[in-house]
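Naming follows writing order (A, B, C and D), and every chain is counted from residue 1.
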Amino acid sequence: MAKWSKQLFIRLLCELIASLLVQFLGCSFGQGSSLAYAFSWGGLIIVGTMAFRIISGAHINPCISIASMILKNIKVLDGFLYMLMQLVGSAIGFLIAYVMFGSNTLFGANTNYCVTTVTVDPWWKALIIEFYLTGAWVLAFCSSWHESNQELNESVSLKIGLVVVGATLVGAQYSHTCMNPFRSLWPAIFSMNFDHIYIYVGMPIVAAILLPFAWLYIYLLGEEETAKGPGAEVKNEEE
Amino acid sequence: MAKWSKQLFIRLLCELIASLLVQFLGCSFGQGSSLAYAFSWGGLIIVGTMAFRIISGAHINPCISIASMILKNIKVLDGFLYMLMQLVGSAIGFLIAYVMFGSNTLFGANTNYCVTTVTVDPWWKALIIEFYLTGAWVLAFCSSWHESNQELNESVSLKIGLVVVGATLVGAQYSHTCMNPFRSLWPAIFSMNFDHIYIYVGMPIVAAILLPFAWLYIYLLGEEETAKGPGAEVKNEEE
Amino acid sequence: MAKWSKQLFIRLLCELIASLLVQFLGCSFGQGSSLAYAFSWGGLIIVGTMAFRIISGAHINPCISIASMILKNIKVLDGFLYMLMQLVGSAIGFLIAYVMFGSNTLFGANTNYCVTTVTVDPWWKALIIEFYLTGAWVLAFCSSWHESNQELNESVSLKIGLVVVGATLVGAQYSHTCMNPFRSLWPAIFSMNFDHIYIYVGMPIVAAILLPFAWLYIYLLGEEETAKGPGAEVKNEEE
Amino acid sequence: MAKWSKQLFIRLLCELIASLLVQFLGCSFGQGSSLAYAFSWGGLIIVGTMAFRIISGAHINPCISIASMILKNIKVLDGFLYMLMQLVGSAIGFLIAYVMFGSNTLFGANTNYCVTTVTVDPWWKALIIEFYLTGAWVLAFCSSWHESNQELNESVSLKIGLVVVGATLVGAQYSHTCMNPFRSLWPAIFSMNFDHIYIYVGMPIVAAILLPFAWLYIYLLGEEETAKGPGAEVKNEEE
């Protein structure tokens, strides 16, 4: 189990700040084409990954933390602490955006601000789309941790960012492309709009559990070639 | 001839999954500007290349497998197995998209769902456009296999992805930019719309045969400087 | 204190030229979607960073020079000289754009040419948005100077450029996304329109001061792992 | 003087093919937003640079060949042969596009097909814009040849491509962003529309001559730190 160290504290702080930044600015994006929407979220993921991958690995998304735990890139306890930080960070980030742009009086109107809604009929199609889109993000991360990429990961933030752009564009018409449970959870709670919330919370997590196992036991034949990711175990004192 | 090994099985599985993912999500993209269309397909190629290049080389497109065989980056039999997997993968991927978004009743309506159509007059202009666009993709891959790029291929997924974005934009108005025989084959079969299907199946293959020979015997003067691509021969036991 | 050397003179010249180029071409961008606006500024930052990072570090923005001084990537006096050059460069760049496209008679009409205006109500929301957007840019630069990125900084211009694209898109609807005091200062002076100018001049500087301290003392635990940036101290004779 | 060798022949062929490809597909791009226009040309420059930089350096543009000669990255005679190939290549490329999409009968109608026109008033403003935009491209190339980038030039095609995207967006409203004399020359000849052709032929060449001298004697203090570019002198037998 990870000792409560200063190093770990910094890494958790990084996850909190990164989640806050992405959720706040992402929800601040107003109205525009799906292309502008996609490049906003993609650009924010580039910033977050670039600034914090050195220190915490820049998971930002609980799905990535789950995948990291399965691939043993991060310790299980650390992973849960990361997810807690992401939960808190995205809550604060959403709150700032909500107070500023979402409503005139806090907790007043039900504006559906920044809520991801299912716009495809029937609803279960959004479920499949979310599974695949989150899967794409998770697979992109899995490959970035592979030992053949250990040395050369400088452009990883660019790649993840453009993957998010592409995935956001595909899902924009069906499910608003969540890919992150917390990104949809807070807007849903504040708007008291829980329609299909199980899709946005559930499917990304299912993808985040299934795909790393497939990666580890099918693609890598269980050989555990996972690189020690930046900011991960390497900096932990107990190793 | 390649032995039927576990390694080969994984590589074939990767091609199948990558083709399924790109075809499913690409066909799931609904309506939007040609720019959003281009970034969707480009982003998916980035995901596929990023996730699977380590293991199988991430051909995704049979044209790339043909070019790989000619450049001896992959064995001839493996190449044909790759193409078989791409055929099956894109069939499954298209089927999922078709059931979800293409029609209410399977095999019911003739909706031209995800079909690439020739919108330029006369039709043979689309043929020339497809030849050049596929040629651009094939040349980009040829250069990514060159030995001077053997060490530094981390951003190859980004480059291929943006090449697909640019090529898709150019062809969008004339031929919907196929560049991959299987990408057009399945939508044509399910819609029973075989207009100009020979353009989409034929021209990419012609480009995929001619350009690697030009690359090998003209540009490289027949010196076979082709790097052993990631996931290719290196992992084969008979070497 | 830095000697007035030929090396320093060249670095200062680079900052002047880079600021001139970005301000002139950025302000020359006419009308278009927020996406085209974002890619114009982002593309210019790529050019500037690519061309001048080798020699001067390509700060372009005084916020980056302030962050550099705090992280000891550059000497304090050099930093102030950099900022002076940026001020002069963006003045010249703006003047060229203004004479060409901003007015028929210089100093004649009050056209609000290239002015960043607050379009969100109330005004203090723009202040928060500018703080976070500038913060994203500053953090991206901080990470590019970290020693783990010392070897591999070739794609830094791409990453910074796409961060600017994403940030510009987010802020486009609220504050026109300044992120650089001088970028807004000169248009305001020439149009004699000083509405909310304290936001555009003040907040980026606040972000530029707070975030590097957080980076240094919180993230890096005060260990000064800052790499000697390209074109920075390394070339100074007194070291 | 360069011997007429097989190596040189291949390099010249590469320049011819690259210019043909970019001019043909660029002119084939039909109608669309300036953003789609910019990403089409940018994507084509990525393909061309990616595929041919290994062999010939992928100048594509005579301005780059002029800059290469001044920086001694390529021999003077080779540079002129490169330019001849670019002239022939873009002529063939334009001709294919013109026959296919520009007119029904060759040399028949004056359609202004693919012509770059000055849309800003007065005309000399386009001249200044073209100077700066071409200058940005030339400076980006100069930096890619600097010895500090000799090892790490894998993402150079991406960077040049996005620089072209940004520059094209800025100039789209004023001068259609030529940046390459031959790109505008052939459309002008075929349409017999020579309005302002001196801007498109002249200014890029002026920028291509002035900026490399500034780079060499001002930025680098005349120290000739230019790296031997890929495909350049290294492969020449007389060295």
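Just so it is clear, a contact is a pair of C-beta atoms (placed from the backbone, for glycine too) under 8 Å apart; a residue touches a chain by one contact, two chains touch by 3 or more.
Here's who's who by UniProt: A, B, C, D = Aquaporin-5-like.
None of these values were measured; they are calculated from a predicted model.
Chain centres here are C-alpha means, and the one lying farthest from chain C (Aquaporin-5-like) is B. Of all residue numbers used where chain A (Aquaporin-5-like) meets chain C (Aquaporin-5-like), under half belong to both copies. The two sides are thus made of different residues.
With centres defined as mean CA coordinates, chain D (Aquaporin-5-like) is found 29 Å away from chain B (Aquaporin-5-like).
Once the centre of each chain is set as its mean CA position, chain B (Aquaporin-5-like) and chain C (Aquaporin-5-like) turn out to be 41 Å apart. The multi-chain contact residues of chain D (Aquaporin-5-like), meaning those touching 2 or more other chains, are 33, 35, 152, 154-155, 158.
In the complex of the two chains, the chain D (Aquaporin-5-like) residues touching chain C (Aquaporin-5-like) come out as 33-35, 38, 120, 125, 128-129, 132-133, 135-136, 139-140, 142-144, 146, 148-149, 152-155, 158-159, 162-163, 165-167, 169-170, 172-174, 218-219, 221. Per the touch definition, chain A (Aquaporin-5-like) reaches chain C (Aquaporin-5-like) in the complex via residues 6-7, 10, 13-14, 21, 24-26, 28-33, 35-36, 39-44, 46-47, 50-55, 96, 100-101, 152, 154-155, 157-158, 161, 230.
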